[in-house]
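Chain naming follows the written order as A, B, C and D, and within any one chain the residues start at number 1.
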Amino acid sequence: MHTYIILFQCKDKPGIVAKLSDFILKNQGNIIIADQYSTSLKNGHFFMRVEFDVDGKAQGMTTLGKGLSLIAKVFNAKASLYEKDKPLRMGICVSQPQHCLAEILYLWRTGELNVDIPFVISNFKNHKQFIEEQGVPFYFIPATKKDRREKELLKLAIDKTDFLVLSRYMLILSNKFLKAYNKDIINIHHGFLPSFKGGNPYAQALKKGVKVIGATSHFVNESLDEGPIITQSVESVSHKDELADLIRKGKTLEKRSLVDAIRAYIDYRIIRHNNTTIVF
Amino acid sequence: MHTYIILFQCKDKPGIVAKLSDFILKNQGNIIIADQYSTSLKNGHFFMRVEFDVDGKAQGMTTLGKGLSLIAKVFNAKASLYEKDKPLRMGICVSQPQHCLAEILYLWRTGELNVDIPFVISNFKNHKQFIEEQGVPFYFIPATKKDRREKELLKLAIDKTDFLVLSRYMLILSNKFLKAYNKDIINIHHGFLPSFKGGNPYAQALKKGVKVIGATSHFVNESLDEGPIITQSVESVSHKDELADLIRKGKTLEKRSLVDAIRAYIDYRIIRHNNTTIVF
Amino acid sequence: MHTYIILFQCKDKPGIVAKLSDFILKNQGNIIIADQYSTSLKNGHFFMRVEFDVDGKAQGMTTLGKGLSLIAKVFNAKASLYEKDKPLRMGICVSQPQHCLAEILYLWRTGELNVDIPFVISNFKNHKQFIEEQGVPFYFIPATKKDRREKELLKLAIDKTDFLVLSRYMLILSNKFLKAYNKDIINIHHGFLPSFKGGNPYAQALKKGVKVIGATSHFVNESLDEGPIITQSVESVSHKDELADLIRKGKTLEKRSLVDAIRAYIDYRIIRHNNTTIVF
Amino acid sequence: MHTYIILFQCKDKPGIVAKLSDFILKNQGNIIIADQYSTSLKNGHFFMRVEFDVDGKAQGMTTLGKGLSLIAKVFNAKASLYEKDKPLRMGICVSQPQHCLAEILYLWRTGELNVDIPFVISNFKNHKQFIEEQGVPFYFIPATKKDRREKELLKLAIDKTDFLVLSRYMLILSNKFLKAYNKDIINIHHGFLPSFKGGNPYAQALKKGVKVIGATSHFVNESLDEGPIITQSVESVSHKDELADLIRKGKTLEKRSLVDAIRAYIDYRIIRHNNTTIVF
């Protein structure tokens, strides 16, 4: 058995589900999970994720892909086909804070995160031993705000990765880099966006006296901390929580929010639409 | 435009989604939301909820219903067709505690709960004025553990209701009643099932020293507090919370859990399967 | 038995707890709950709430108040003494949305909110019957953005209330009003502050594509939606939640956040400090 | 500066706070945090935790301890004095599941969990390398249900540890062991107690169709999964969550619940009372 996933989005119109499910049936597929959603507005938008099994001897990626393209053309849709169990290649960028990185690597090492990790890149040397112990190549690129050394990052990322994760990476990636890389980049922001953008969000939260803190995973776009939100995690805090407590509690939120976002991404459960996400 | 909902369950098999979506298309329907789920076990089970619009001049309930029956036969399925905006008739039974009842009536009165309420029945007289002020018929049936007076309840319920809500009703309904009524009954249990069944769950929770309390909405079956769970709400508590605090916090949980369950029920988002629920 | 509460804040210094507890002991008091907290910064700040029983025949408010003043002078502290069971007089201002108001009145009517409610004021006439049915005086003051008619509000509030609750009141109170009234005003903002200040926060949240929404209760100060936060409630949302769903879910959050804030206030569990709150 | 913590419990009586705070003052201490709580029942019980700074040149543990004993005698109280920054020695027992262990070791290694870890003991050999890499002694004791080899465990634990953590340890410790060890043992149960005691709690939860799962940290006593609860963590689940999902989500809950419990324990924020806990 092979398992495939289709993500499909277009202007809403009658008959899309019928067409897609008929296509799957005709290719000897059996639908496991189908999630569909249309915005209720006039001229609504249609979104669908279908996961289906196909007997191994039946049609493969190429044939299925061709068939899907034809349907996409009919509906003027954006459609993608993925093989469920083929791991994506996830590059990781990290600055000083190690907690998210350690969580990701632990889950990867124990088989709970089905990705390949071609490298970890950091502007801090100190992760070297920890990362190499786990058999992951480590690149120390001493980037700074003045010299972000994005060419080196790009060179490594462009061929070796399907997407990038900024696991508390403190340098802002330039629009030039984003265009050149042209694949998805997931960031974890240690604050409850859209509150507390930019630096030191926990210090901002403390000063403001909020009673709930949060962490936000989002796709990176050209505006700092403005990309489409994927997941948000929150936790109550009180006056007893000083800065160190917020940071400590925040680490748990960041790990959770980032891991949930990566999981949704590698399970092909995310569709980007305008500046928001559909997360099935 | 009319909006219809189909609930469909059967042994999993290829082609069900294709058949259903084709059926909708052929009846000039446009799918708004489709949720489908199959258990991954061998000989898995298939569950689907489809919500679709049909132009008012096109096929009505009768024709659609006949067509659906034919499909159901093919797959040996349990299938139901509902009109989205036609309010269900919800009978309410209540004993002394009024908070859930008041919440339900408030939401109903302000148009946020699309049901008809043919009556409220209680073994406590004190709700009479409060209920009648809202224009709802009130029946005082002084049932007791020894004489549950279920015949009177049945007589009122059987013709006038599509389902019953036990909004903190303290009397256990007999199997005989359940069989005679033969429609769904939703109960709110003021504890986190399966912990703390039966009486005084907050006192049980206090004695046990739990750090989280809960409330559970479930369908009533022949075993006390054992029916399929629909929703559960939880909240943290601490040593400072004495019995009165647990009861007070619990009221918020009960209201929320019960209202969420009713909403899921009247939106036809619940499929019962064995002793569990699929809540889309 | 009489129960009293002391709130006490000053620059931190050794001996404050000893002094206060000795004072209570010498007045035949028995401490029920003592919560104390000092900020850990250099020149930290000290906050304390003590709840204690005194035999009815022993010292009353006047004597206790005088004694407390002497201690406050020693530590250059801000100290207050309250009788636990004496209900505060809570004036309510409301615009069109009725859900918070209805929740407050229900809890008040059933004895779960120990306040007196001298009046409800609204710039919408439609609440009149609902409020008067409950035996609460209703004043229709057709205020608008251009003519806020604050004099009328002030006239009613100044003598008859100990604090005001803005239960979804859409008009901004002027600094002039705040100074003249000079007592606490609690507002519910239907958004997760500091995100989404001002109007239509749920529409803002929808557009931003957040995955968690919130409601915030805070004291009113001269800056719109910037006063000290008392409570925040949050709930997960998904792409399926359209504006109407956010508003509906938000109502539950608003009711909860506002009721929790009122409860904390009337239990004398809040100390204001700079632009934040200590909520014991 | 030295920071000390007092935990104090006895039958409630006027004057205890006064006595304790006076004692601290007379020893040149400055109270940082004082939390006090009395049960409201007749013949209530008094609980207090005080954290205070004392100048390094002033009284040390011995003098303070003697003074505290005298006060404890007066009130017939159970009193303890601790030095805040002196790490406790925490022995760890683990069976096959490694996630809690890994989380604890990561936090310990990065300085976020202020304990000494004299050893990790397991009836599974596979942890050896992972643990020894981190510089922690590892003992493989191939205990089984028939031969629990508790003597070896006891021998290691009795002198080298202040408390034990069962980080998903599948063997039940005998009453004989508990009596001989006679110190606190913290267990993580992968279910929401008191529901789902014993084995395979997630399978139990799945079968029951619950909508919220949980994990529970508790002190071990002579009854399986019946000891005083310290922390509980919960998360929503749906029909889409199969056993593997519950186990995966549960791991996050278990890590969180256990780490929170350890933190509360080593911060001396827990007082045991009957079969419950006061967690300040």
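Keep this in mind: a residue touches a chain if its C-beta (ideal position, glycine included) is under 8 Å from a C-beta of that chain, and two chains touch if they have at least 3 such contacts.
Being a predicted model, the structure only gives us computed values, none of them experimental.
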item: Between subunit A and subunit C, the fewest steps along chains that touch one another; value: 1
item: Copies subunit B and subunit C touch via same or different residues, half shared test; value: same
item: Per Cα centroids, the chain farthest from subunit A; value: C
item: Recurring contact interface, reference A-C, options B-C, A-B or B-D [over half identical by residue number]; value: B-D
item: Cα-centroid distance, subunit B relative to subunit D, in whole angstrom; value: 41
item: Centre distance in Å when subunit C and subunit D are each reduced to the mean of their C-alpha atoms; value: 37
item: Shared-contact residues (touching 2 or more other chains) in subunit D; value: 33, 37, 40, 240
item: Complex contact set, residues of subunit A against subunit B; value: 12-18, 21-22, 24-25, 28-38, 40, 48
item: Interface residues, subunit D side, partner subunit A - complex; value: 33, 98-99, 102, 106, 110, 112, 133, 240, 248, 252, 256
item: In the complex with subunit D, residue positions of subunit B that touch it; value: 37, 39-40, 47, 192-196, 208-212, 214, 228-232, 234, 238-240, 242, 275-279
